[in-house]
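One chain, chain A, appears in both complexes that follow, with chain B as partner in the first and chain C in the second.
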Partner chain A sequence: MTAATDQRTVLAVRDLKKHFPIKDGALQRVVGQVRAVDGVSFDLLRGETLGLVGESGCGKTTLGRVLAGLEKPTSGGVYFDLSEQQRTELDQALRAGQGEDLAQLEAAHRVDRLDATNWRRFRRNTQMVFQDSFSSLNPRHLVSDIVGRPLRVYKEASGSALTERVVGLLEQVGLGRQHLYRYPHQFSGGQRQRISIARALALDPELVILDEPTSALDVSVQAQILNLLHELQQNRGFTFLFITHDLSVVRHMADRIAVMYLGRIAESGETTGLFDDPIHPYTEALLRANPDLTGDDEGFRGLEGTVPDPARPPQGCRFHTRCEYATPDCGWEIDDVVLQLEDTPALFDKLVGVERRSPFDADLEFVDASAAAALETALHGDEVPSSMKAAIEQVSVGAQTVSIKFREVNEVLLTPRGNDRLAACVLDALPSRD
Partner chain B sequence: MSTTSTSPPLTTSHESAFRVRLRRMGETSGRVLSNPTTLGGLVIIVVMVGMAVLAPWLVEPNTPNASQMPRDWGAIAVPPGSPGHLLGTTNTGGDVLYGVIWGARTSLRLSLIVVTVTVAIGVAVGSLAGFRGGRLDEILMRIVDVFLSIPELIFALAIAAVLGPSFRNIILALAIVFWVKYARIMRAQVMHVKQNDYVDASRVIGDSSWNIFRKDVLPNSITPVVVQATLDMGNIVLVGATLSFIGLAEAGLAEWGVLVSEGQAGISGGRWWASTFPGLMVFLWALAFNLLGDGIRDVLDPKTETR
Partner chain C sequence: MTAPATNLQKTDAPVVASVRDLRVHFKSKAGIVHAVDGVDFDVRDGETLGLVGETGCGKSVTARSFLRLVPMPPGIPVSGSIMFHPRQRCTACDGAGCVACDHTGRVVSTCPACSGTGCSTCEQTGAETLDLLTIPERDLRSIRGNRIAMIFQDPGKALNPALSIRKQVAEVFYAHRSDELLASAGIDPSSHSLPTGLLRRRATQQSRTLENVLLSLPPLRSRRSAITAAADDRVAAALAETQIPNPRAVMDRYPHELSGGMKQRVMIALALACDPDLLIADEPTTALDVTVQARIIELIKELQQRHKTAVVYISHDLSLVRRVADRTAVMYAGRIVEVGDSEQIFHEPEHPYTRGLIDAIPGAHHERGRLAAIEGTVPELIDPDPSCRFAGRCDFAAEVCWTRDPALEPVGDRQVACFIHHPPEHGEAPTFDRTAR
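So, the complex of A and B:
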């Protein structure tokens, strides 16, 4: 294979996890882990724009920060700048487990293990634009300092040559010489985001991670910034990771989309295909919610229920608590019963404790026998989804306890669906509506 | 053709940047001084510091050690307005005017040394704890908590008493006590400021930790320290005078606390001047720096309040 046709992978992400400890009490003991990113794998190819989409809190920012080298992963790896052959070798080595091949690849490419030279190369070539344009510019620095800083760090220019480079960068983002000696507070939100973009582009990086760069802006300004980014990408061939909670924002910009839900990728694929023919019910729900460019930050209308706690992600498929197509194989578990109980306060108040043998198998203890019986009846009632009923393998009512055992299922993993598409769903295709 | 466009002309960049920064500093100072009370405080400070600096020309020392009160045994406890003794003398013939003016010099020396040393130590410790975090932070803050559990005046008094009565030891005692506050303020500020995205932006660029601290964290954290240091320029003189009043400085030192203490016995006999003038100076000094400190805070840092 010649270098010319060699499609380089800017970032190869392999089973990446980032957990944050939850500390509690006077002793600050660790009582749990927020699984902000919980097993994400994908490739980011040179020159492409990948849209990373998902509701607020699903781990997009955390993923972006790990990829930018701002946080160390809890486990898994981010690999920088691989040739096609190296990528194949990496996946073989990862499958084979720890070995000499892997160690060698990691020293040169794994972001949290790079030696000084490679780290410098990664650092120069991976830049980030943050969501909050107010917090991302030092209020005491002039625009000339802010945009010129990367060039100064790498000693690319100084004196009047530096000023001219900065002017050039400002002009690229639609600002100009007249803005050099102003402070950030003298600009509007959109202009500030332009300054951030100019700073990120100063070193002509390979990859730019854009974390909701337009979410905080007015609608009209949003469109301008999107156009600017699109143009820059087209003209200069950057690789973009475009993070957003709003699918419509990336529709015209992204070559590929990865839909994230609760720390994992639910579906990914080429943009038009994914929009026209989603496979994952979550993707479909996002599309149906179809928030237009109103800057509406309320989340996705049309998507019911709330996002589960990332410290206790649901079993099986993480989306099963909200999925309208859920099957008995989607991971129904004891937590779903407790959730149902919470909606019936009269019964929930009588719950004394839950003795779990596994996430799928537990004894629920009540204050009296009538409450236990009431739960058993409720489990057959209309409130409980039929797929959940079908997933129950055993219910037995004791004196004051109800033992429930669900069908045990494994985590639903991403599987190839042809055409560069991956989806994590037990269904082969979306059931036709109505 | 004369244009007054906002875009800077094509002069060298540094000149323009310099002018913009200078203008901003000027505007900020202007805003601080537009408040009449703050301005009043500054005027008092200028006068008192002027006295301190010009002391050798204002009242000529005729003793070998200028910081000691000269004695005029021919004019014991003469009232203000007496020839050669504008503000009167003490029971031991010490010229009150001399004590007031040279006392300003002593106070300026005291407050400048203590504030410089304590701000340097406090900012270093607080920055290290807040910027690095982790175990180091825990250890440093444990030490700070121990210091903070003892009231400032009592602590300084105890140290000065143990070290023995001398003005040098008062300076040392105050330095030991006063750095803690700055460490606490600085740590809290740094922890807050380092969460800003501009700090992460600098990390993504690849700038060094030292540069990030120096350019991003320190300048955005320092304002409350400046405010506190201004207030302490006054407070330290107050505490210092208290310590020398109760006899922890050398007897006969040209210092306001010593002078108040010397004149104290005369008050019941109607000889009010020996205590009143230096006492008034202490009060004015502390007041002036507090007015200025509050003024700076109101403009630069409206959110913080003193503890």
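So, the complex of A and C:
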């Protein structure tokens, strides 16, 4: 940690979920839920920079927006500004369930339960900087209005005092008085990002959530912005949540890192340790795919497959569909059979229906007996990973159906791994290569 | 990195395309934008040439010039040539690779004007030489997608949303491989009979409605479906090469049903379908996740090794180009400022801009807040005066840098455009020892 003066927790996030309904048809009936954020917990300590990384669509922006109060959580809690003792009390109260203590803590700290005064305090202390400075800066407003708006809304300043405050802010981000009366389109991408940062800093917030602040910029300009952010943090003690998909950037900027996969945290820990010695196979996969300037070609490798549908996250460990180390305990399920079938159109076309008793146990009905027999044979074939085969507890072939039952497993949760590290994997350590 | 041995081979390999003094400007309200302003480089057989530089420095315009895809107007073709030397299959080994073809499976096509003895069209090289900037549009069409193929940043936009993958990939074969399709269907492509003529038009997808009716009648119908089947086989094989799981099923899908990585694989399949001599990839992985990006790059490398295609790989991401390219050309404000072996350039950059770019990438050795940022931004390229385009951001700029253009000249095995390496005849030369600020 760089500038942590005490151990105040700026945000304590507890089992946070944000689901979006999927609507269909003329009646717009809800047919499912996109589980964009699906059970996330962590603490953000004052003065630190927490990096949030993960593939596209894994829920980083959604998480950032919920934390910034721009979106209401579906369930779970975001708690603002706790002392170390309050944090301990909170976790005790949460374990104990509903009670006097919890109600009291929630009224004062839980972001979606705050009274007007505390809500105001939270909102002005939590600011967000977005990736796309084109759409986040109103093209019809002058820079003076854009940067001055938070000050006006919170009645911090007006008239010439306001202008001077804005000039001060612009100077902090490397711009100046000469830029006051220009429109966003008159600036380069890097300059627009500076304007966004100036706006976010206007109310001197505690926490700044930076969502891919440099992803649209060239490296030379990115370096300017990263230096600027660091300098501002040094001078004013900001807490940063730094969202990015660029591992080189996050390693440079973050004290701690949380790796997200499909709405959940797969691994978190102190930056250097996590980079040098990842525990979760997904963290390793991200690191191997990162084209940095020092590694050799040996380790540079991609990851097969795509991120599964967040409306139907896999059982057990969400990464099991792509994990090269997957074990029989990683959550193999009926959906994995259906996935395999989709790659075999001759068989898939003959599948009539799937009668599920649970995600792990179902009857697959085919048009004829030979197709059913063919599936049974295929389940023993090379296409099926051996750990998946080993997870099958029972297969029986009926007239036109195949009943399959997989070993039932619970969700793989984050567990402590020492040194401030948490990982959600059934393995104790990464299997060594070679 | 590629082993040094192959690097040497590639440096000696014959040139597939050479760009000389390419200048493409654009008309704008503020004046003439000198987007590409005197670009020179060669692409050699079987190599990957990386083209890096910041946004707007002219990478895409350079790339698109190869196939004349820059819209004119507003583009203005000011000067230059892109000499392309098409290859043909090596007859000694039938493409398998032998000593005669330096194990590439292909050899230079001979100049049709002089049959290889050397004349003015081929600049005495004896190799077939086409200036891509001036050959007739009809000749260019037969090269596009056939001898030279291109992949773009956004695979979603490059694919037609209304056509199945099968139709889009098959089109390439109909356009460039109609003889092979006819032959596979058991029809002599050189015959001039009416049915063959009709089927040929079918094979090049030029059939009109009436012809389609004729083709659907018994004697021709089976032949027609034989052509379709032959095309399907080729489409499936092309998709399979890009490791798309279950290509026959993917063929019937539409672009919106595929993920970004999948779409880019389809684009690669399309690009490599006709085994081109040159592949131009303009930021092909910029829109993808790193995990998918790494897979696509492995794929391009592997296919390149198999097909011995020369690749121009364009990206703003230096770390990535280091992984991909045998040689790297660094572009700044419409010019090449440094070009040479990738290993050398990334290890010991010579041009101040290249140094700046490499230092700006956050690495493990950087202290936080101490990245070496290049101050300022890319200058406006409207009617620029003669000067080093980098002078405004260069730590070492001397007076001469503001008044004269440094030329791209040899420094060791590389070429660099900077007065530090080539002191001007008059005036004091800049040096790395003296910073301007």
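Note that in this section the second predicted complex is superposed on the first by the 417 of 434 C-alpha atoms of A that agree within 3 Å, B and C clash if a C-alpha of one lies under 4 Å from a C-alpha of the other, contacts with A are read in each partner's own complex, and residues count from 1 in each chain.
As a working rule, a contact is a pair of C-beta atoms (placed from the backbone, for glycine too) under 8 Å apart; a residue touches a chain by one contact, two chains touch by 3 or more.
What you see is a predicted model, and the numbers here were worked out from it, not measured in a lab.
*Asks:* Since both structures carry chain A, what do chain B and chain C do when superposed there: clash or fit?
*Replies:* Aligned through their shared chain, the two binders fit side by side on chain A.
*Asks:* Between the C-alpha centres of chain B and chain C, what angle is found at the C-alpha centre of chain A, to the nearest 10 degrees?
*Replies:* In the superposed model, the angle at chain A is 80 degrees.
*Asks:* Using the touch definition from the top, say if A:A285 reaches chain B (first), chain C (second), both or neither.
*Replies:* In the superposition, A:A285 contacts chain C only.
*Asks:* In the overlay, answer first, second, both or neither for which of chain B and chain C A:Q86 touches.
*Replies:* It touches nothing on chain B or chain C.
*Asks:* Please indicate which partner A:Q234 is in contact with in the superposed arrangement: first for chain B, second for chain C, both, or neither.
*Replies:* second
*Asks:* Pick one for A:T344: touches chain B only (first), chain C only (second), both, or neither.
*Replies:* In the superposed model, A:T344 contacts chain C only, not chain B.
*Asks:* Mind working out whether A:T244 is in touch with chain B, chain C, both or neither, as first, second, both or neither?
*Replies:* neither
*Asks:* Quick check on the superposed pair: does A:Q224 touch chain B, chain C, both, or neither? Answer first, second, both or neither.
*Replies:* Touch status of A:Q224: second partner only.
*Asks:* Could you tell me if A:S56 is touching chain B, chain C, both of them or neither one (first, second, both, neither)?
*Replies:* Only chain C; A:S56 stays clear of chain B.
*Asks:* Could you grab the smallest C-alpha gap between chain B and chain C in the overlay, to the nearest Å?
*Replies:* For chain B and chain C in the superposition, the minimum C-alpha gap reads 14 Å.
*Asks:* Which residues would you name on chain A as touching chain B in one complex and chain C in the other?
*Replies:* none
*Asks:* Can you list the residues on chain C that touch chain A in the complex?
*Replies:* Residues of chain C touching chain A: 1, 54-55, 245-246, 248-249, 259, 261-262, 289-298, 316-320, 322-323, 346, 356-358, 360-364, 366, 368-375, 377.
*Asks:* Across the complex, what residues on chain A touch chain C?
*Replies:* The contact residues of chain A facing chain C are 2, 55-56, 188-191, 218-224, 226-227, 230-231, 234, 245, 247-249, 251-253, 285-286, 288-294, 296-297, 300-304, 306, 342-345.
*Asks:* So in the complex, which bits of chain A are touching chain B?
*Replies:* Touch list, chain A to chain B: 65, 68-70, 120, 123-124, 126-128, 130, 132, 135-142, 144-145, 149-150, 153-154, 159-160, 162-163, 177-178, 180-183, 196, 199-200, 203.
*Asks:* Where on chain B is chain A touching in the complex?
*Replies:* 5-8, 12-13, 16-17, 19-21, 24, 196-198, 200-207, 211, 215-216, 219-220
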